[in-house]
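Below you'll find the structures, each written out as structure tokens.
First chain A sits with chain B, and in the next complex the same chain sits with chain C.
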Partner chain A sequence: MASSLLRPPGHLSPATALQLSQQAPIIIKNSPGAVTASALSSLFSAPETPELWTIYENLLLSCLRTGDEESAHLCLGRLVNRFGDDNERVMALIGLMKEADATDDATLEVVLKEYEALLQENPTNIPIVKRRVALLRSIGRIPDAVTALTGLLDFSPTDSEAWSELSDIYFSQGLYSQAIFALEEVLVLQPNAWNIHARIGELLLMSVKSGSGDQNDSAKQLGEALKRFCRSIELCDDYLRGYYGLKLVCFYDPPYRPSKAVGLTSRKTTTQLLNDPPKPPKQAESDGLAPPNLSTLQKLDGLATEKLGEITRRFTAGEKGLAGL
Partner chain B sequence: MTWFSKSTTTFGFLLLAHACYSAYEHSALQSHRAASLSSLSATTQQAAASSSLPLDISLETIVATVIITLGLVLNTAKLRPIQWRVWAGQIERAGEEGARNSSGEIDKDFVGNPFKLLESRPGFVDIRKQRKEFAEWVKQQ
Partner chain C sequence: MAQLPPQTIQRDPQLFYWILFPITVVMILTGILRHYATVLMASPPKKVEQPALKEQRSLMHGVAVRSNFHVLTAPSFKARREFLTTAFESGAYLKDPERRGQPPANPMTDPGAMDGMMGMMKNNMAMMVPNTLIMSWINTFFSGFVILKLPFPITIKFKSMLQAGVATKEMDPRWMSSISWYFLCYFGLQFVFNFLLGSDNAASQMAQQMQGMAPQAPNMFGPGVDADKQFQAEAENLAVIKHYSVLDDVEQRLLEGIKTR
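Now for the complex of A and B:
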């Protein structure tokens, strides 16, 4: 329980979030409300740990999600007591609380104005910049959100979270190549992030499926997606998402290209696409790796099928150590 | 495995205590003999020859130390993976369950997949959307 409070609760299921927020009054009651700075009283009270404030922050997020305003206000009050309301992170949390409390668009506009006023004072207040982007996106002003986000990335280009958000916004608008570019920037910063490798593979595959590029582009993107999924598997043993993506790439059936025979398995079509005679003249010059040949592709397909089968079998058999799937 | 390692350690400590006690008794005996011998004005060479510790006590001490070390080593928690792909695979598959220590609690420094933040992005959380989704989930229940 406490360990899941040490991590941001965004990815938790609604049931877990509800459970956490139901425990909130007890946790708040049992945790120290304020840590005094005086030496005498610190002798008698429990030592202050960084975990305490992480727990308050994550509890605040869970409570806001489930609509438990009272506990959320208590958590925020304690954070403000400890860090003051001019702390950048606390400022963002206060803004988040106002966003959650807002009932109509007019109130949201007021919150947005407040963010802009805060940014007038200090344009490099990164948590507030991020809140402003999130709010702009939430009320549907996507172009403004992108402008604000690129502004943030101009002065803080090493913020991988922001690059990832930019990619997600572009993806929501169907701009695959921009989304992939932003994720590649994330990979420059976090080269071992196996989930981002898999995500790029998925985006490439979706881009091919949307059929925006011509055939040469598609072949190139399929080859790239194959590499991305392979890399994610290389970085993470038995990575379900990676193997599934690999299988999808090997199994890809282009919509604009009718299969030659109906009975033919569609995995042929990827190989056709990758090994078509009208290939781009020198594919290798862009990233130095030739597209895989037919036998490699078949081997990869077989491996993905085998691994997927194995993982599924072990999961349905209820084997221990697979609880995270 | 725990009961085995614990009993091994206990046995080792018993042996060690026994060796210490034997050494103490031996030295007490030696000093007593030396005192009585000197009162009889015998030669001191005899006393010096027998004052070193007998071989069996030294052996017992060494064996006890080895057994204690063995017991403690057997009791250590399972080693964490040091290869990136094994570590990542364990996090992906087992989640929190993989980070339990020998007493069955989840380790305090367990962070899960550190790159999950790149997909959940807590700094950009859209709280109104989350609230809406949660309300719909409650309605379905």
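Now for the complex of A and C:
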């Protein structure tokens, strides 16, 4: 349990977060509230560890998520005691707290004004910039959020968190190519992130499905999506999303094909599709994105089916520790 | 040759209470004091201005693109390469674009660089001042005392180390003078400090000297480095990359990997 408190709680399931925040009063009671700075007592008490403050921060986030604001206030109080309220990270947490306490939009506007005042003072306060983006997005001012985020990325282009947030915003607006560009930046910074590879594949697939590009583009994008999913599986053997995406690409039924227009069946079997591959194999040679030939596609499809079946079986059998889940 | 009878020196037992013990205690207390003085004097990391931050991070971004180009497909890498080389060459990310081409400023006049030097000075002072004081204190009050007999025999070579301040030729090197005890404390107390203050304390002189001896990593963004030149070099590095992608033939690799497993 302590180990799950040492990592940012974004990945936790609601149940785990609830469990953590229910234990919050106990954890708070058992942990030291403040580490004194006086020389004498530091000789006798346990040394201060960075983990303690990480635990407080993550506990605060879990508590806010489950609505236990009392414990959250306690955690925040201890963090403020230790680091002062002019620490950038603590400032962001204080802002988060105010956002959580706000009941109506007017209060949120006030918080937003505070963020802007803070940024006037110190435009490089990255935690506050990020809070402002999140707040703008949550009150529905998407264009402002994008402007703020691109402003942040202009002076700090090595922030993968900001890039993935930008990608998510673009995706929510249906701007697939921008979203993919932002995710590629994340990959440049974190080259082995298999979830990002798979996510790019998903975005490419969705972009093809939305039917924005012409046939040539779509074929290229499908080819790249296939390769992205393959890469994500290569990096993580049991990655469910990778296999599922691979399956989807192999199964893909292009809307522009005449057979569809005739209206045979809306759901085609894989074999039918594979006998009539969705991607004409002669395009995009120059980009190194040539789609694989029929037999490879069949093999990949078989592989994905087999692996998906295995993962499903193991999951229903209640096996723990599946890496891709 | 007959065995020499072991030398015996009648020592006043009070020597232990009034010399050995005080020196040790004073050494430990100075170490602790030095630790807290360093903590107090440490200046907080200086705030980086936005243009400077932009300059550093853009350069790091360029390096990231150069080293991880293989995750990109050829068209998206080409687009990035074109954009970045143009921006780098035109100096779009520079902290102060109008100073391009001029030689870097003298680090002595740069307030940022002065800060770093002041920090080093402070550290050195925190080491030198107490050492000088304690050593002169010991020299004034306790010089010439023989305070300790080591419980094991050692060779004559150690005589100059252990019997500093006692000019007696024939004395067994096992006898130790007070100033030597000081040196022994100076070098040997690190573990005591580790125990008292935690492992990353600033009390031990030895650790600091080691630090000083380690070759300093070249500071990428330090004063006196011409950022424009770095950007030009990075643009060139980007321009000469021969692109390949991990996505090339990934499905073949995957299938072969599955087969061989």
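Just so we're on the same page, the second predicted complex is superposed on the first by the 287 of 325 C-alpha atoms of A that agree within 3 Å, B and C clash if a C-alpha of one lies under 4 Å from a C-alpha of the other, contacts with A are read in each partner's own complex, and residues count from 1 in each chain.
The rule is simple: a residue touches a chain if its C-beta (ideal position, glycine included) is under 8 Å from a C-beta of that chain, and two chains touch if they have at least 3 such contacts.
In this text, all values refer to a predicted model and were calculated from it rather than measured experimentally.
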For A:R65, using the defined touch cut-off, is the partner it touches chain B, chain C, both, or neither? Pick first, second, both or neither. first
If you stack the two complexes on chain A, which partner ends up touching A:E234: first (chain B), second (chain C), both, or neither? both
Touching partner for A:L96 - first (chain B), second (chain C), both, neither: first
Which of chain B and chain C A:P8 touches, first, second, both or neither: first
Partner chain(s) touched by A:G211 [first = chain B, second = chain C, both, neither]: neither
With both structures superposed, pick whichever of chain B and chain C touches the larger number of chain A residues. B
Contacts of A:T158 with chain B and chain C, given as first, second, both or neither: second
With both complexes superposed on chain A, which partner does A:R137 reach: first (chain B), second (chain C), both or neither? first
Touch test for A:A17: chain B only (first), chain C only (second), both, or neither? first
Across the two complexes, find the residues of chain A that touch chain B and also touch chain C. 234
Which of the residues in chain A come into contact with chain B in the complex? 3-4, 6-8, 10-11, 14, 17-18, 51, 61, 64-67, 92, 96, 99-100, 102, 126-127, 130-131, 133-134, 137-138, 160-162, 164-165, 168, 186, 190, 192-196, 199, 234-240, 320-325
For the chain A and chain C complex, residues of the former touching the latter: 39, 42-43, 47, 122-124, 154-159, 181, 184, 187-189, 191, 197, 224, 226-228, 230-231, 233-234, 287-289, 292, 296, 299-300, 303
Residues of chain B touching chain A in the complex: 84-86, 88-98, 106-108, 110-113, 115-131, 133-135, 137-138
Can you list the chain C residues touching chain A in their complex? 32, 36, 47-51, 53-54, 57-58, 60-61, 64-65, 68-76, 80, 196-198, 244-248, 250-255, 257-258
